[in-house]
Amino acid sequence: GCTDTGADTATEPSGSGELTKIRVASLPIAETGALWAAIDEGIFEDHGLDVEVVPAQGGAQAIPALLSGDIQFAVGQPFGPFRADLQDLGVVVVSNYASSLPEGKDVNAVVALADSGITRPSDLEGKTVSVNSLGAAGDLTIMKAVQDDGGDPATIEFVEVGFPEAQAQLDAGNIDAAWVPDPFMSKIVAEGGTLVVHPYQVTIPGLPLLVNIATQKLMDSDPELVEAYSTAMAEALDWADANQEAVRAAIVTNMEIPEAAAAGITLPKFTAELDVDALEQLAALGVEFGVIESKPDLDRLIKQQ
Amino acid sequence: MTLYTSTVVVPRTRSRAWKRVGESMLFALGLPFLLLVIWGISSSIAPAQFFPSPLRIAQAFVNTWVGPAFVTDVLPSLARLGLGIVLSVLVGIVAGTVIGLVRWLRELLEPLLEFFRAIPPPVLIPVFTLLMGLTDSMKIFVIVFGAVWPVLLNTIEGVRSTDSVMKETAQSFSLTRAERLRFLVLPAASPRIMAGVRQTFSVALILMVISEMFVSSSGLGYKITYFQRNYLIAEMWSGIVLLGLIGVFLALIFSVIEKRVLRWYHGIKEVERA
Amino acid sequence: MPETLLKVEHLNKVYESSTGNVEAIGDISFTMQRGELVCIVGPSGCGKTTLLKCIAGLLRPSAGTVELDGKIVSGPPANMALVFQEYGRSLYPWLTVRGNVELPLRHKKLSRAEKDALIDDALLAVGLDHAGGSFPWQLSGGMQQRVAIARAVAYQPEVLIMDEPFAAVDAQTRADLEDLVRSLHRERGMSILFVTHDIDESVYLGERVVVLSKSPTWVQEDLAIDLPAERDQITTRAMPRFTELRTYVYEQIQRAKRGQAVRPTS
Amino acid sequence: MARSSAQTAHAVRKFALGAAGIAGFLLTWQLIPTLGIISPEFLPYATETLARFALELRDLEFWRNVGYTMTAWFLGLLVATVAAMVLGAGIGMVPFLRRATHTTVEFLRPIPSVALIPLAVLIYGIQLQAALVIVIFASFWQVFVQVLYGVADVDTVARDTARSFALTRAERVRFLVFPTMLPYLITGLRLAASVALILSVTAEMVIGNPGLGKVLVKYQNAGDWVGVYTIVIVTGLLGLVVNLIFRAVERKSLAWHQSIRAEEVL
Amino acid sequence: MPETLLKVEHLNKVYESSTGNVEAIGDISFTMQRGELVCIVGPSGCGKTTLLKCIAGLLRPSAGTVELDGKIVSGPPANMALVFQEYGRSLYPWLTVRGNVELPLRHKKLSRAEKDALIDDALLAVGLDHAGGSFPWQLSGGMQQRVAIARAVAYQPEVLIMDEPFAAVDAQTRADLEDLVRSLHRERGMSILFVTHDIDESVYLGERVVVLSKSPTWVQEDLAIDLPAERDQITTRAMPRFTELRTYVYEQIQRAKRGQAVRPTS
């Protein structure tokens, strides 16, 4: 017989008519599990919000969509808003979404094949390392980690390889090491790869991974909505942090990955509390390694609710 | 029994030549200039973040592309582009001629070619990199993979539509296979082939950019994506402008080639337009 | 040494197409000796061009056979040249007049000088020696037709097939070209198959005139022309026998066109 | 009629050959991971992918996604084709416009539509329209350039005929220019059709509007390579189907054209 | 009511091309009355086609003027029909024979029935009533040429210009078509300009025969044909005056071809 795997998403819980419809852009990655789960849990509905998650690919699409007013919020890496602020696009960070783990196993890592001989950050000198997107938190923290470990970060050649393809490229010998999150991190390590370093953890512990982004225009025109979203989000994130199993279940259904794989994913710390200090440090790193010309105006950018 | 045709050669005067150059310059630059002015006016009336003024773009252009970036990012890209174009055209014409002439081959390959033609290159780039590594040849392969289709298809169709009387002429004089190719099939298909080549030039440029948008760390295409992702809007536009300029430059080269290859063809059409 | 060069036996050709089948040739049989000059006349659309194409191996007959030199024709034979009725389309617009004439000579093992001589002679013979550097589309219709003739002449074939080759030239040029064909035949011993609509021309040129019926076609008349071999535009055409023959052919064609002739039971 | 059986025989042969080509490709594919050229983990076996494909075929959601993608494809191609035909014919027929727009066209053509995605998103948001802009921009040029060349290919005698009979502008377009450019147009359409398909999928991948591309990204992010290649196969097959349709259109509309005619006779 | 229809004055035409300029027409002047039937003869390549194209407004003269109805011709005039020498290329391969004949009638305000009647009559007159559904490329050369004639006839023009229209048809058909042209002229009062290479034809058809010199061309002879207006293939051609006239024209052409005639100082 026929199946219909899309049936459940097609019948969105429409609830009562008073809900405000909002569209939120978010990558289809494991971290979004918290959002999916919280929506299913009805947390946003409780705050009068009907959230549609739009899978925008990276900040490059999400921020134009924000500016166009097609979506109201976006969940994205902090470097996106930095760049946007430097260009005076009128983007604000309203709250944190997820942060890397200050200790233990972090959410992402630089990994290499066992026979590569790369075991510590300074071994990366002169090697080809992949990141998913150049000139962002990934390569910055890796450079910093290498520098801290006594290596010369300028000799590393960074290339862009999507997270999913990284393992194949590693195996093919096209790259020496790869910066990947879970599930790829766990998979490579499980298959005998070396975990070289958790770059976030060793450079800026607890660095915000993802933040909630909106526009200044929306804050001016509809502060209640931003308020409602922030409150709902804060509640949702606290709830998600406490209910990791629900988050994993949401990952399994939305990303269609096997349950076993989802169980092995290292989840970040879900919290709405912004670590402004860490962001400051990240911006400083950006300036230090010449990725951005100057520091963004964090006072203007960060409108923590 | 002789017929006599007088040939009066009227020498082109210098001033006429200058007038022609001036006129074609006017034609070449008139509309772009007009559009530029409109853009400039509209961007000064309603300044928009994503549509900066031409001046701002020009500034960004100089800052971004004039200098070392030209050597490190643009030149390698252009070299790959050049190779990609040459290969695409060669492969397209050779394969297209064979496929167009040999019917069973056409029937064997057509579904396969159509299949591959429809696959988005971004999906295949990872596979290509696995097979060929993160090398220049991989990027060139991506360019060829995407840019070969216009020449290929046009060549196949051009070869197939060779005039029947011309074909019979070649047959009746027992022209050899090579002669038939050289003197009948290729020239007869050349208007179609050139239509394809013209498309290939710009498609190759697009694929050069795409090949650098994934699995890359330098090049014109990479830069454009980088600017795009970092909201360096004017810089991004300057990259697009550079692409357009390269396109115009390629079109210039192309029209020189076309003038030579299709001299007879333009001759027919032009004379009758007098 | 009357040796059979060409033998057409029960040739039948049906054009198949999605709009319906057309029987162009019903049943044609005739033979031709080596070194003969045979003219073919027949009503418009009766299948002369089709017949020539079958003989030249450009079309596959639907039934019957064409034998050349004792071998069944299955593809274009070497040493045969054709002047097409659609002369304009048979010239390659991307080659100059010289280039067009030279084209079939390319695979003949001749020195440059020999080739040039052949080309020059042929162009001179058709009165186009000044036009070698022009492209075909820069020429008048009659000039184009003469280029096609020059190309066939320069090729020096053993068998020459011409499909209404003088349709587009003026009377004087036509007379000159007729004499050219006669001399190719007489001096070089070329076997020539010549389709024309001009009855006088067919009688003047041919040693035999084959009259075709209207479509679906058979051979209505195969007439030997018993005029002296040495012919000339003024005296030959003035002969009473010439007039008799041309009148006879004319009548045959009129009957053919009206469909009065009775098909021979073969 | 004998014809129809010959035609079916040919159709069967054509299908068999085409299938053989695809089979050869699948075999090569199967061999790459089998021989370990690429680990089966990253390039799954053809068999495995086909099995998954069969499974997807029974999933309604899959068909819904095909529907989304094909909607974007169809709308984009339609708008691009109509615009390119109108503009191409208009500009192609007026020498002044052709010269005046040349540089602008050459400037715009090489701009990769992928680079325009942010602008499209900025104007239309993460919506079908944004994807459409990308699809239209890319496929427009393919048709446009072909139409330009097609319009320039009008035979001079044919055009003089139209002029001398004082055909109106509309009639000239309808009966002369359009048929002449049709072969070019169809090639352009075939080119544009696959470009439009590619960009529909790419836009879904990058912008995130629903469709096969979005599914593909989902599979990618989950490391589900079998799924990824299943979608790749699907896009390829869609291309194949689209081409079949265009071939049928071509056979109908170009029955008079040399390329189709020649096939019937052989 | 001898009214001047056409006035050609000091017409000169130089073809300019990158391979060199060719002076096709030196200096031609002549006039033609309304309702006249003028035949033009001249050596191959002397510029007859060029002259016709200038008159029909398809080519711009390099110098001199063409006046039709007292107005200078700058584009193709309405109510004029042309039969082109390159008949094959002037038929549209994508239209059937009927479609080709109907083409110029489309913008005439006629009812369907009237159009059909015109088409049927014209096709019948050229003996192609059975071929209406065929495509031009399914026809023999002579049949194609007759389609072109039928198209011009069905158009019912006031001025009919024919460029060697009977070159590809057999003698019998030719005679029939000649009588068709005579009757168009006599019964409908059509003004006809007729280029031919057949001297007998020019004398038989024309009220005047204009003999052109070889290129660069001028009018070498403008001969009134003083045969009775009522003509018929047998009796007219048998008249002594007919023979006189044809011999005279033949001599003129021979002189023209040899370049012996002296250019009149105008």
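Note that the chains are named A, B, C, D and E in the order they appear, and that numbering of residues resets to 1 at the start of each chain.
Note that a contact is a pair of C-beta atoms (placed from the backbone, for glycine too) under 8 Å apart; a residue touches a chain by one contact, two chains touch by 3 or more.
Note that the coordinates shown come from a computational prediction; the quantities given were computed from them, not determined experimentally.
Counting steps between touching chains, the shortest path from chain A to chain E takes 2. Here the chain pair with the top count of touching C-beta pairs is B-D. The most distant chain from chain E is A, comparing centres defined as mean Cα coordinates.
Centroids built from CA atoms put chain D at 48 Å from chain C.
Centre-to-centre separation of chain C and chain E, using mean CA positions: 27 Å.
Here the CA centre of chain B is 19 Å from the CA centre of chain D. Shown for chain B are the residues in touch with two or more other chains, namely 1, 3-5, 50, 130, 163, 225, 228, 267-268, 271. Contacts with at least two other chains are made by residues 15, 17, 19, 22, 43-45, 86, 89, 135, 257 of chain E.
Shared contact sites, meaning residues of chain D that touch two or more other chains, fall at 38, 42, 118-119, 122, 160, 205, 257, 261. The residues of chain C lying in touch with chain E in their complex are 15, 17, 19-20, 22, 41-49, 85-86, 88-89, 133-135, 138-143, 146, 164, 167-174, 197-199, 250, 253-254, 257. By the touch criterion given at the top, residues 58-60, 63-64, 67, 83-84, 86-89, 128, 133-135, 157-162, 165, 168-169, 172-175 of chain A touch chain B in their complex.
In the complex of the two chains, the chain B residues touching chain D come out as 24, 27-32, 35, 50, 103-104, 107-112, 114-124, 127, 130-131, 149-150, 153-154, 157, 160-164, 191-192, 194-195, 198-199, 201-202, 205-206, 209-210, 213, 221, 224-225, 228, 236, 239-240, 243-248, 250-251, 268-269, 272. Considering their complex, residues 13-14, 17-22, 24-25, 37-38, 42-43, 99-104, 106-115, 118-119, 122, 138, 141-142, 145-146, 149, 152-153, 156, 159-160, 183-184, 187, 190-191, 194, 197-199, 201-202, 205, 213, 216, 228, 231-232, 235-240, 242-243, 257-259, 261-263, 266 of chain D touch chain B. For chain D in complex with chain E, the residues that touch the partner chain are 155, 157-158, 160-161, 163-168, 171, 175-176, 179, 182, 256-257, 261.
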